[in-house]
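Quick one: structure below, then a few questions.
Chain naming follows the written order as A, B and C, and within any one chain the residues start at number 1.
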Amino acid sequence: MASEPLIRVTGLRKTFGNHRVLDGLDLDVRAGEAVAVLGANGAGKTTLLKVLATLVRPTRGTAFVAGYDCVKDAELVRREIGLVAHSSHVYEDLTAAENLTFWATLAGLRPSAADRAAALATVELDRAAGERVRTFSAGMKRRLSLARFVLARPRVLLLDEPFTGLDQRGKKWLEEHLASFKAAGGAIVMTTHSFGRELAVADRISILAGGAIALDTPRGTLSADDVHRLYTLHAEEAS
Amino acid sequence: MRRLFGGVTLVGLLTGLVMGFGIAPREATQGNVQRIMYLHVPSVWVAYLAFGVVLVASIAYLVRRAESADRLAHASAEVGVLFTGLTIATGSIWGKPTWGTWWTWDARLTSVSILFVMYLGYLLLRGMIDDRERGARFAAVLGIVAAFNIPLVHFSVYWWRTLHQPPSLMKPGPGTMPGIIVAALLANFAAFTLLYVYFVTRRARLLRLEAEAEA
Amino acid sequence: MIVVWKDLLVERRSKETLNALFFFGLLLLFIFQFALGPDRERLAGTLPGLLWLGFILSGLLGLGRTFVVERENDCWEGLLLAPGDKSAIYVGKLAGNLLLMLVIETILLVLFAFFFNLDIAGVLPGLAVVIALGTVALAAVGTLFAAMTAQVRARELLFPVLLLPVEAPVLLATVKATEAVLLGEPLGSVAHWLKLLAAADVVYVAVGVLTFDFVLEA
């Protein structure tokens, strides 16, 4: 395991029509590290995530995940990542177990019933396994999304505002889950809006403004107020 | 260089028109209207050429992701639609005095109309997708489907028309045409092909300039 | 095929598509009758055309909805992210669509026979061949185009606009072949149409399988 970062983004630029969303963005994330990307609405956080997830092709620049180019080796990158975004990726009319079976099979895995049950247990959905997702709360749906990656074991988790819409219990659970993912050697890129508890699991904070990373600092002992101050400083400075 | 080519094209076009409308003999039964054939038949040829180029450029784009291939496909499709429209228009104009009706379900006219609508759909698809790269990809797939469809259209329409009816008289007669008519036709073929190349290269260049301006 | 399994499950639970298409087919029958009048003789001549008109219109609705379940559940990205060959997804969706179309066509055929007093028992095998060949051609292109238009604005307009011209030869072939079959002629008499349909099937499915990867990319 070299010191080569698991995620390496260099000079990333993305233009939609006339609108330049990302402009010269650099970002490195190592194994076992979690980076929280802060930014205003429309700053390009989701676009960055989508480039890493191979859902969007950059206009210029490169993005490498686990050594694979997100554009040229998109297929290989997809095996290494798990995306938890606003779209829940669950079929409402299917049960939790059926959803898991579908997504796992589509990903080329062949989970046994025991594997599935274990994955659902990890995300604390084992009792709701046979219920239709339509009846689930937002938190439960998000946990089901993550259950897929308990089976698939990606090396990188990409999360778009994952704590939004969760209750206290849900947030605590997610924090623990992400912490153990990190401990197992995975890398996390997490976008977020907020400055509070959610940042606890992050090792570094990157502020995205003006299309690039305006500030990248270890979270260390920064308090929520510190972060807020830095954010206002840099987000406003760049715009 | 471009000017020179443009000039050559213009000369070719004039030659063709003069030969077709001036020098070639007047047709006995149909009269001067038959001269439309000198526009109609080369138009069809160019249309098929254009769509063939769309096929090749589409495959090239999917394989190599070269933007120039995409622009070529786009430009060629536009010019193809143009010449297809011209074919339909000239066919219709030919038909009115000859058959008394603007429209007939003649095999060629029908086939060409289907192609016209297919490739109009192609242009419509391009117009409706904002993401340039996705638009290029989808258009390429559509270009391939449409091109493979052309022989299917051709045969199905031909059988549809000829199994219970005599074939259309709009086709130029079998090879026993007098030399001058053949010469005029060939001249127009050449001229229209030059015109196609001219249009496509200008259009493709325009597309490239647009793309560069946006980046 | 996991995709077919999933779509069948969803359909069985929500029952959206099949029910609506069934009623649509029924409505079409009434509309045809009203538009063409009660004169049986006149109707008889146009029956093959009407039948396929019914199939195509239902097909436009049904095929257009191929990826609606993905869109409504926000799962489209999930399909994009699935590692591996996307052609498998195409085949899965195609199989599902074929099943759907064949069910609808069977229902329509029965309704037609009932309303227009057709005796189709004798010609059923021949009819089945024609319908099968035509349906594969419809579904193959329809599934591909449905994927292409799924994320485009004005998709409800673009889908038929793209599909109908491409399917024109298939329509010509199937109507002519159906006409012959309904008149009691042997399949051999329309062999050329059947060969055209078979060729179309092969071409469309091949192009679909080969290009689906490009369509389902991001």
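We adopt the following convention: contacts are C-beta pairs under 8 Å (C-beta built on N, C-alpha and C of every residue); 3 or more make two chains touch, one makes a residue touch a chain.
What you are looking at is a predicted structure, and each value in this text was computed from that prediction instead of being measured.
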Chain located farthest away, centre of chain B as origin (C-alpha): A
Most centrally placed chain, judged by C-alpha centres: C
Chain pair with the higher count of C-beta pairs in contact (A-C, A-B): A-C
Centroid spacing, where centroids are CA-atom means, of chain B and chain C in whole angstrom: 31
Centroid spacing, where centroids are CA-atom means, of chain A and chain B in whole angstrom: 51
Whole-Å separation of chain centres (CA-atom averages), chain A against chain C: 40
Multi-partner residues of chain C (each touching 2 or more other chains): 217
Multi-partner residues of chain A (each touching 2 or more other chains): 57
Contact set on chain A toward chain B in their complex: 15-18, 57, 59
Partner chain A, residues of chain C touching it in the complex: 2-3, 5-6, 9-10, 13-14, 69, 72-84, 89, 217-218
Footprint of chain A on chain B - complex, ascending: 130-131, 133, 214-215
Chain C partner contacts - residues on chain B that touch it in the complex: 62, 114, 117-118, 121, 124-125, 128-129, 137-138, 140-142, 144-146, 148-149, 152-153, 155-157, 159-160
In the complex, chain C residues that touch chain B: 141, 144, 148, 152-154, 158, 161-162, 164-166, 168-170, 172-173, 176, 192-193, 196, 199-200, 203-204, 207, 211, 214-215, 217
